[in-house]
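One chain, chain A, appears in both complexes that follow, with chain B as partner in the first and chain C in the second.
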Partner chain A sequence: MAIKQKLKKILVEELNLEDVVPEEIDDSAPLFGPDGLGLDSLDAVEIVVLVQKHFGVEIKNLEEGRKALQSISTLADFIESRSS
Partner chain B sequence: MRMAIQGIGVVGGFGCGLSALTQALAGKKVSPVYLPVRTHSGEVKLPVLQAQTDLLENFISKRALRRVDHFSRLALLGAYLALQDAEKKESKERIGIIIATGYGPSRTTFGFLDSMLDTDITLASPTLFSNSVHNIAATNIAIRLGITGPAITICQFDTSFQSALITARTWLEQKIVDAVLLGGVDEYCEMLGYCYHRFCSANKQDDCTVIDTGCTDIPLGEGSAFFYLTPEWNNAKYGYITKCYMSTCNTKKKTLFYSIDKSRNFMLNVPGVEKSFFELYGIMPIHFAFDIIIALILLNRQVVLNEHDNEYKKSLMLANQGYCVELQV
Partner chain C sequence: MLMVKSCSVQNNFRNWSSRSLAGKWRHGFFYFLIRLGGHKLAYLFLYFIVFYFTLKPSVRKKASYYLARRFPASKGVRKFLDCYRLNLNFGKILIDRAILAILGEMDMETTSEHRKIVFDLLAEGKGLIMVTAHVGCWQLAMSGLDFTGVPVDIVYHHDQEDVDLQSLGHAKVSHLFHFIDPCSPLGGTLDMLESLKKGHVLCFMGDRVFGSKKNTVEVNFLGQKARFPISAFKIASVVGAPVVVVFAYRTGPSSGKMKLMRLIRIERNHGRNSEEYKPYVEEFVKALEGFVQEFPYQFFNFYDMWS
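Entry: the complex of A and B
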């Protein structure tokens, strides 16, 4: 499964987004705030843990997190760059 | 001091609300589901009376519920129903929350521990951790309902609810609060099913008497039973808790696990009449809260409880685990 699809599935299942299906999530939509997926800071911590658990990639600090956690696309790019 | 019961909210394997429990009492069939439990000797299936919380979406949006675990959902639904039933007049600063639970949020507690064992302590889920804290249900109720009075969770196995009742009376007597939202909550999880299965197997195979589980064919249960209580000078919607105390009324030996001894569970103040209603809600540590609601239903409906006694009863005495509670209508 492509990284983006896997990410969407993980987020919906693990963050319990019952009102969203993975296919509905726009790759470039913001993960946080009212205009996108509507996640918050506690979700950010959860995503850091999920990325490490499922992809073996560590988001080490705030700066990395800020860049990676913009959208599904930026997160997938970050995972891809650290996996290779 | 007597406590006036102004509202009741109840959720269990029989359904949701007082009417569902009343229907079950009247004979409507309550059926368990058979859930798999992994054991050292393979998978077994245990009967469980599962409680559904879908109706909670009538009070809170799905999105707002996404981080709320099953244990807190059971508590929230019971609390919302009790408050809706009570048509409360007290200010939210003067309402206290007391939660009684035998094992607390066991699904998330064991889920959190498993997540550390399966991966690493650094990869444990923060959401699972926050939901594994025993006061989480009281916290969720306080936040969602905007109640800012004192909140406490009492967790002492089979005597949690009895102890919580005494705490509620103390708060009201000392005028710490004007009303108490008091609820008993317990959830089923596979680990508890596993423990129950092991203890029962041990009792059967090894004649183990260290822990008296009183194993029977009655399903395990889960649910919540909430009361909105005010001091006695208010007119009570359902009746009064007139007495609530520790005593030696229970002379049988104590159990350390589920108390399912029928003869002690529901003792009426009519000599020779003893009843049990575990079949309606299942085995769980806070069963006493359900028994009190059932007793209130019977009292309010003026059911003749003793076939040898034609008099309607205006009060009932419930005794369990060294605690006595008297109800009056």
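Entry: the complex of A and C
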């Protein structure tokens, strides 16, 4: 499964996002705030842990997190760059 | 740029401020007194200045939200004296804090049993979340955490209008302490995660809400519903870190005693819904109620927590 698809599935299932199906998530939509998935700062902690658990990739600090946690696309790019 | 700001964008929910009541020059005056004559001289002036402030209806109103619930039968002169006593204790706490910052004097007592619990929890290697509140000498207590030997990261938002001298800035202890601003991008949560990964002590003020309402729950406190944050408990659930509820009460000039009130274990990945964390918040609030029953004049939230 492609990283983006896997990410969407993980976020919906493990964050228990109600009324959201993975296929409907826009790759470039913001993860946080009202204009995108509507996640909040506490969800960021869960995403960091989930990315490590499922992809073995660690988001080590705020700088990395700010870049990676913007959208599904940026997060997938981050995972890809760290996996290779 | 990714900016989830808990305090500006989402935070129309916060109803408190850490703005100092007295201006910068009044604080400067007390710092001068401390340098001149130590705590005795500063306390002497404090009695009169607190009396002057307590005469102000706006100051009494700020204290009344708590006092009306803690002492519902209190009226007239007794009500005024309750307010004076509360304000006086708060003033003494601020002076003690300044004494620590200026002179480095502090005596924070902890029992060997409580220290052992903290060491054992830190040895688990998942960091330690410490939840406290604006009661007693909370800042001195944090300074007293140097016994752990590990860095202490404090989730703390410093209002621009807060001109109090921060005791943790003193050279003796400052290297151990680091502040994480919950108003920074992503609410500082990645820094909190990093702190626990490194095995640090991460301190939260469990009686102050930040960010969106959905990260809070309503819990009965002193007979009425008030909102409390779930952040500490949710982060504990994500990383598997133990949580301790710690309060410190003031015992005298520049001295206090730290009490470990509760040890709370939260199962991993407990859930996303804030209501699932309510039992843990209730544990914290029960401990807080126990504290204010024992030390009624050492509770320092001067805003309407119940609104």
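We adopt the following convention: the second predicted complex is superposed on the first by the 84 of 84 C-alpha atoms of A that agree within 3 Å, B and C clash if a C-alpha of one lies under 4 Å from a C-alpha of the other, contacts with A are read in each partner's own complex, and residues count from 1 in each chain.
Definition applied: contacts are C-beta pairs under 8 Å (C-beta built on N, C-alpha and C of every residue); 3 or more make two chains touch, one makes a residue touch a chain.
These numbers were taken from a predicted model, which means no experiment stands behind them.
When the two structures are aligned on the shared chain, A:F32 is found in touch with chain C, with no touch to chain B.
In the superposition on chain A, contact of A:L69 is made with chain C only, not with chain B.
Of the two partner chains placed by the overlay, only chain C lies in contact with A:N61; chain B stays clear of it.
Legend: residue contacts after superposition of the two complexes on their common chain; A:Q52 is shown touching chain B, with no touch to chain C. For chain A, the partner touching the most residues, choosing from chain B and chain C, is C.
Once chain A of one complex is fitted onto chain A of the other, the partner contacts of A:A44 are limited to chain C, with no touch recorded for chain B.
Residue contacts after overlaying the shared chain place A:D19 against chain B, while chain C stays out of touching range. Chain A residues 14-16, 42, 45-46, 49 lie at the interface with chain B in one structure and with chain C in the other.
Interface residues of chain A, counted against chain B in their complex, comprise 14-19, 38, 42, 45-46, 49, 52-53.
Contact residues on chain A toward chain C in their complex (touch as defined above): 14-16, 30, 32-33, 40-46, 48-49, 59-62, 65-67, 69-70. Chain C makes touch with chain A in their complex at residues 1-2, 4, 6, 9-10, 184-194, 211-212, 214-215, 231, 234-235, 238-239, 269, 271-273.
Considering their complex, residues 62-63, 65-67, 119, 122-127 of chain B touch chain A.
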